[in-house]
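Structure first, then comments.
Should a chain be cited, it is by its letter among A, B, C, D and E, assigned in written order, with residues numbered from 1 in that chain.
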Amino acid sequence: MTGALPGVAPMAVPPGAYLVVGTLLFAIGLAGTLLKRNALSIFLSIELMMNAVNLLFLTYARMRGDMAGQMIVFFVIAIAAAEASVGLAIFVALFRVRRTVDVDEIALLKW
Amino acid sequence: MPALSGELVVFTIASILAIGFALAMVLQKTPVRSVLSLVVTFFGLAIFSIQLAAPFIAVLQVFVYAGAILVLFLFVIMLLNLSQEATEEDARPIQRRLGFVAALALGGVLSGAALRAPMPKGVAPAITPLADEIPMIGRLLFSDYLLAFEALSFLLLVAAVGALLLSKRRFE
Amino acid sequence: MNQFWLIPVLPLAGFVVNGLVALLAASGRAEAERGQDQPKARLPYGQRLFHGVVGVGSVGLAAVLSFAALVPYVLESLKSPEGLAPVVQHVYTWMAAGDYTVEVAFRLDALSALMLSFVTFVGTLIHVYSVGYMQDEEGYGRYFAYLNLFMFAMLTLVLADNLPLLFVGWEGVGLCSYLLIGYYYDKDFAVAAGKKAFIANRVGDLGMVLGIFGIFALFGTADFSFVELAKRAALAPGAHISVYAVCLLLFLGACGKSAQVPLYVWLPDAMAGPTPVSALIHAATMVTAGVYLVARCSAVFVLAPDALTLVAWIGAGTAIFAASIGLAQNDIKKVLAYSTVSQLGYMFLACGVGAFSAGMFHVFTHAFFKACLFLGSGSVIMSMHHEQDMTKMGGLSSRIPQTFRTMLAATLAIAGIFPLAGFFSKDAILGATAASGHWALYAVGLFTAGLTAFYMFRLVSMTFFGKARGDAHAHEHAHESPATMTVPLWILAAFSIVAGFLGVPAALGGTDRIGRFLEASVAHPEIGEMSHGVEIGLMLVSLGVAVTGLVWAWRWYGRAEGPPEAVSAQASAFYARTGALGKLVADKWNVDEGIEALVLSPFRKIGTFLWRGFDSLVIDGIANASAFLVELAGDLMRFFTTGHVRNYALAFSLGALVFILYVWVR
Amino acid sequence: MNFHPLGADLLTTLVFLPAVGALFLALLPGESKAAAKAVGIVTSVLTFGVSAVMLRGFDPAAPGITGFAIDRAWIPRFGVRYQLGVDGLAVALILLTTVLSVSVLLVACGQKIDRLKGYVAAFLVLETGMLGSLVALDMLLFYVFWEVMLIPMYFIIGIWGGKRRIYATMKFFLFTMAGSLLMFIAILYTANVHSRSTGIQTFSLVEWVRAASSGAWGLDPGAEALLFGAFALAFLVKVPLWPLHTWLPDAHVEAPTGGSVILAGVLLKLGTYGLLRFAWPLFPHAAARYGPFLAILALIGIVYGAWVAAAQKDMKKLVAYSSVSHLALVVLGIVAGTGAALSGAIFQMVGHGLTTGLLFLLVGVLYERRHTREMADYGGVAARVPVTTALFLIATLGSVGLPGLNGFVGEFLILGGVFQVKIAWAAVAATGMILGAIYLLTLVQKVFWGPETVPANRALTDINGWELAGAFPLVALIVLLGVFPGPLLNLVDGSVKNLQRPAAAATASAAPAAGAPR
Amino acid sequence: MTGFLHVTGADFAAVAPEMVLCLAAALILLLDAFARPLRAFFPYVALLSLAIANLAGRDTAGIFFSGAVETTGFTRYMELVALGAVALAILGGAAMLERDKRNQGEFYALLLFSAAGLILMVRGGDLLVVFIGLELMSLCLYVLAAWYRDLSAATEAGLKYFLMGALASAFLLYGVATIYGRLGTTSFTRLQGIASAPGLVAFDTMLAAGILAVVAGLAFKIALVPFHGWAPDVYQGMTTPAVAFLSTAPKAGAVLVLARVLHALFPAGLGDPWRPLLAILAALSILFGNVVALSQRDLKRMLAYSGIAQMGYVAIGLATFTSDALEGVCVFLAGYLVTNAAAFLALGALSSGETEPKLLTDLSGLGRRRPLAATVLTLSMISLTGLPPTVGFIGKLLVFRAAVDGGLVPLTIIGVFGSLVSVGYYLRVVYHLWMKDPVREVSLVPDDILSGAAFILTAALMLFWGVFPRALLDVARQAAFALTGR
């Protein structure tokens, strides 16, 4: 899809830097996902990962001077919101039954 | 690497903020604090957005994420009054070590790739105000992204329905 | 008579009819007596009559037909100086595949004529005899069915024009002997004996079959026309087997059928069958099939002198070996059995030294006196109420005079007393052996003659002379058998006296008719000449040996009186005289025990091992083990799915990581 | 249905008639035994009728496998075709199949069988599978039928079997499938080779054989060896050749009477049929290379099977092991490949189907009454069941290979053919004659003869009408084929001429390949 | 860039199926809110909407919404699969849900929504649209997973599926971002254009990582080892008719999307290292899935692992990636849809309700009590084993054939080994159904018309496609051709 980025000044900061930051945030989010035990915290970390990806999108958009990246981010944010609502609802339902959202204690189904 | 410009300074501060609080989010024991530290991270991201010529996204970032979603989180946390995250001591050591390794390695690998990969030339047009970014987005939304936009609406509907359904106590 | 096929088929028809009727009767009986005991009962007269008529009738008719066929042929061929061409009648092509074509075709020539004559003749007599002997048996019908089947097989064997067809009869007689030995199917030993006979025969048949293929390979055909080829030594080019090997294979078959060492073991046990069966199958006809085979293939054997020598030695060995065992047996039929084995040895000895016609001559005469002896013994046994132990007999000469006289005649005949049948045939053999220059063989033969005279007269003495041993009551009621049994005895006795005159040697002014008659169809290689003087000398020697044997037996057993102990005392005296050797002899050289220990029990053990050990442990072990391992893998790997969502996430991330690295290194 | 011998759809009718019967039965409501019997017998008899018509219209002299050929598209794009046709070999086995099916169903009518409807249906489906694999000329079609046979057999053993039926049926299924799956890949690969070398997409056996014999494939020896191996494995498991045989005794022992009869009578033959029809013609060089190796296995199998059979105490196990031995002989004949050997092998396939089928049938008759297969539980029953005894004796002698019964002809010709190739093989194989006599006569002795030891046997009832009706055709054929083998031999003569190889071929390149005894 | 709101009627006609489904779903939601008594008719409404959607989607082909959707035979094929899956789920589930009083309209609405999302995902002409469609589908499934939200199993399933799903989305997104960054676009057509342009495919570590992230994200939906963890738990906890849908259509969708992505990026066909990579995925899935399924006693878990294995076979097709292979994949997926759905529905009918675990041993002796359902289950087991004359065989045949032609013989051998192992657990079901006597008295759910119809339909299809596969093959052929143009 087309839509060139309205002209702006050339980047003072090398795009690579943004990419690295984004990637690191992605990794941190992943770490959170893997290390946290509270379902909410895990989901929180995943949200972080998504935002990291958003940063990547923006960077790329900027590099290419192209709107598409921004549009995608726009959608991603919306989707994330939707996911969040469903996810949290699931947590609530789960908590009602199990009285916990600690994923380490939620392992009835296994093997 | 251009000379030390204001942009660079801001970038540095923002990235320190973002990464630092992201780490904090992970390391925090109590969910509430995690959420709050994530808020800061998001602000950092918002700064980046501005720097990357996407002020509208920055605004969304603050409003939707920091504003709406994280508040929703806080709300749920309060609802389930999850004051303390269970202590990590008894947690599964292998999971922790491997998880740490995996995250670290992936981060290293990917950022390494990001650094090594050849960068395409970014366009460097003449300097003009960003004023017409938002109309542009709007226009795109109703032309090229129309379908996506419509689909999104249904997606939100589904989310609403689903959330409603799941959080209902009794069936009728 | 130009329908040879009728000759075997008639008894076959008899078999079918008798068999079906007997089967129906049996199943009716089973129906009636379901759940209760089944008492042994003689059949109603009507049924007996039916079976008897069908049985005897079919065989008798066959006999008539065969004589109708062979008499003119024989007369013709005696007229013509060098015999008559064989008459061959094709019926249909049995099987044709690849390089093998087997016709169902029957052949009448000198050899088959000779066999045919006494087979049908003796066969008929024994059928008649059986009518009386078997009258009390509830298996009367079954018996005659089997007997007819046997006649069918034997006649096929005799008339066959090619080896495969001969093999049909060959196996057929084996089957019948199996069935008839096991006639008393509720007696374990009888059944076991039958099986033993069949299997021992099968060992021979293994050689026989391979031999047949060998003949195919050598001559390109198994029709007896190959004999002509063999006479011209016209072997097929590129045959991948030697004549010697083929001869040995065929001879192996002969050994099985004619109970030669080492395959003789089945014949003594075969006495478990009804006595007429022993007479017909295990004395007169079937067991001589081996000799017949060798005579048939004589031309081939001649091409392999080493094989002939082997035949001779096996024959001689068997003769003396069996005779030695015969010395110490107390079961009247066992004695006769071993005597049969030993006589068969003689016949092979004859073939071995190249005197095939002499061998066949002995087959001929032996048929009569041995049949007579067996039938006589049957008569004795019947009169003694199924007592076979000679130590419990004695003094029967007065009780059953006809049996006594006929048996005496036959005994003298087999002992080779001039001028009875045995004398001529046996001396033909000994003479030929001597002429061939195998003096060692001659010595063996001669000594065996002595032994034969000894054990045969021992038999007669223990049975008929002296005072009655065993329980007096039985002795009181011992009575002569019915005419259906004595008439055949008389006829056979008569023939065992006169049959020899067919082959009076030149030395005694005769013109060895039978020899010349057979020359048409058996080979007659040059075996050294002897002057008539020497010949007569040898005859006197053997006669002397025979008489010595008789006298010796008389001195030991003739006056045996009193209770059985007395005899056993004599027996021990016998051991005292002969020492450990005697003991060994009385134990039949422990051959059966040896076979059991060295062959059978290992066979069973290994079989069980292969089954339990190899099949179940190794093969199934591998199969089940692999199945088990997969299951096990499943039971372990399922724990990768821990149920902890974080682990899944971890797996996810690690997976992604590893794959990224993989993609990079590639 | 088109009954005219030359009718285009004769074979289709033949193959799917039983399936139709089964379908009808499945749709039939209720558990009516009478209906099941009626449908079963009518269908199987009709099928037999069709096969008889086929026999009448079949011309043994016709070249190739072209009898009643049908050739329609099935999966056109891969050149998979609905291609049927018969030659003498197939016709012979088809008749065997239809006859045995009739017998089995007749016997089923005479015995108490739970869920008879399903039982009959399963057998009818099985018959379709068997007939299909006999007439299929398209490799993939063949594979389909080949696998279709598995399922009904799985049910037959699994539902109506004995105590360890589940183990047995799984073992049967897995062993067979393990073999056939590799063959599946091999088929696909061969098709690939064919299309690569000739540019034609086809699974047609005829095409393949033509290409293979003309060397158009240009396979390197390694690949050919692997393909041959895959094919041979599939079939040798089915045969079964030592050491792949251990599923057989279990399957036979646990299977219901009919199951054993069909298993021994037909399924095993399909293994040897496959060797004759596919493995050898498609990969002649590999076959020549590794034939001797198979011959060694076959020789081991002959002796081994007989030897183990002699050690058995269970009637069915004994007969099962005897099958191992007998079919090893057939394999040996196929390896030898001379005219006589092949005729003998085919004859023996039919003959063994009849004799062993009859043996299992009669064992089943006893089992039906006493519910034990242990020989020790019988003994001296001859007087109680004279007819059964007589029939059993005939079957036994046929199996022992007594001249005048069918067993001999096959054995004689095989041995003769093998003899032409390698005397040592014939010599070893011939020991089967002796061993066979040993274990089979022991079987007869222990079961029917000797004193009546077990009181329970006093009430034993003799074979009943249905069972007799089922057994009679087999007995008749055993005797007829023994006395007049000519017709059958002529029937298969054409096939033999196509398949046979000169005596030298079997061992020419052999001696190094496998240290054959000399 | 097209002008503001420049959309033609054709554009809307193109997305008619999605619209129909969404509107029907919305309608049902409304009815549920305001006309609850009509609940009994929701199934029929849903089925009707499916029918209409099918008709609406019949003959549209081309690129619409300026490249946002791309309708081809390929996507059409997927449309049918999705609609079919939903139909079966509804047929099988309606009665049960009504019995359990869980037949709120949302159930059908969500099913329809997720079908719409699925269709959108597959025909999305742009990775963004694909992502949106995927999310639409997934959100519905998250909710459906926790449908019996008072059962701890169900909620747990929901949680696990949701968390893993979100993670997968994040990865997928990362991949999309990277592809966008490296190649400058997210639209398939352009990607293909760029990728087929010479020179660019010069190797690029970052792009590789991105593509891999996408693959991982989709492999998660397909449940390929090692991205499979969620499947067994979710299947076990999720309500059976929903699983009948979840286990078939979404997987198929993800597979086809993956095919599209790969084809867009590697128009010339897969090369090193991607083909070995997929081969490894396939091998792992086949071995792990089959072997672990062997040790399962809960049927739904067992079917989950079996599903993993089955997708391994699909992955063989993907690794081969010739048009024949893709055709095979399509056929396989159609067969798998019918077979697996049948299996789950029969399972539901042979159990004592949703609240009970579905244990293997409870099937004992049900063959005589419920001949129809038992027969269908048996058939589906045979078909899953891949034995003729069922469609399962045809699918495996095509895939293996393509793989052999494509030189992946070792993979096929692993495949057949897997099949051999699978016999162990598939036939175990048959054994319990027909050859074993009941161990405990199971109170079965009553029969009902709709599921009966579903049974007969699936059984008929399994056999018909197994014996006369031509029609199916032709459709699949067109689909594959539409994608590869070869």
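Operating definition for what follows: a residue touches a chain if its C-beta (ideal position, glycine included) is under 8 Å from a C-beta of that chain, and two chains touch if they have at least 3 such contacts.
Treat the numbers as computed from the prediction; the structure is a model and nothing was measured.
*Asks:* Which chains sit in contact with both members of the pair chain A and chain C?
*Replies:* B, E
*Asks:* Which chain is in the middle, if each chain's centre is the mean of its C-alpha atoms?
*Replies:* So the chain nearest the centre of the shown protein is D.
*Asks:* When all chain pairs are ranked by how many C-beta pairs they have in contact, which pair ranks first?
*Replies:* A-B
*Asks:* Mind checking the centre-to-centre distance between chain B and chain D? Centres are C-alpha means, answer in whole Å.
*Replies:* That pair's centroid distance is 71 Å.
*Asks:* Go ahead and note the Å separation of the Cα centroids belonging to chain B and chain C.
*Replies:* The answer is 104 Å.
*Asks:* Would you kindly tell me how far, in whole Å, the mean C-alpha position of chain E lies from that of chain D?
*Replies:* Whole-Å distance between the two chain centres: 43.
*Asks:* How many angstrom between the C-alpha centroids of chain D and chain C?
*Replies:* That gives a centre separation of 37 Å.
*Asks:* Provide the list of chain C residues touching at least two other chains, using ranges where the numbers run on.
*Replies:* If we look for residues of chain C contacting two or more partner chains, we find 627, 638, 641, 643-647, 649-650, 653-654, 656, 660.
*Asks:* Indicate the residues of chain E shared as contacts by at least two other chains.
*Replies:* Residue numbers touching two or more other chains: 1, 66-67, 126, 128, 132, 135, 139, 142-143, 146, 149-150, 158-160, 163, 167, 184, 205, 209, 232-233, 424.
*Asks:* Can you list the chain D residues in contact with two or more other chains?
*Replies:* As it turns out, chain D has residues touching two or more other chains at 174.
*Asks:* Going by the touch rule stated at the top, which chains touch which?
*Replies:* Result for touching pairs of chains: A-B, A-C, A-E, B-C, B-E, C-D, C-E, D-E.
*Asks:* Flag every residue of chain C that touches chain E in the complex, lowest number first.
*Replies:* Within the complex, chain C contacts chain E at residues 627, 630-631, 633-635, 637-638, 640-641, 643, 645, 647-649, 651-652, 654-656, 659-660, 662-664, 666.
*Asks:* Taking the complex as given, what residues does chain C use to touch chain B?
*Replies:* 644, 646-647, 649-650, 653-654, 656-657, 660-661
*Asks:* With touch defined as at the start, can you tell me which chain B residues reach chain C in the complex?
*Replies:* Residue positions touching the partner: 92, 95, 98-99, 102-103, 105-106, 109.
*Asks:* Give the list of chain A residues in touch with chain C in this complex.
*Replies:* Interface residues on the chain A side: 30, 33-34, 37, 42, 103-104, 106-111.
*Asks:* Would you mind writing out the residues of chain E in touch with chain C in their complex?
*Replies:* Touching chain C from chain E are residues 159-160, 163-164, 167-168, 171, 205, 208-209, 212-213, 215-216, 220, 226-227, 229-230, 232-233, 272-274, 276-277, 280, 288, 291-296, 421, 424.
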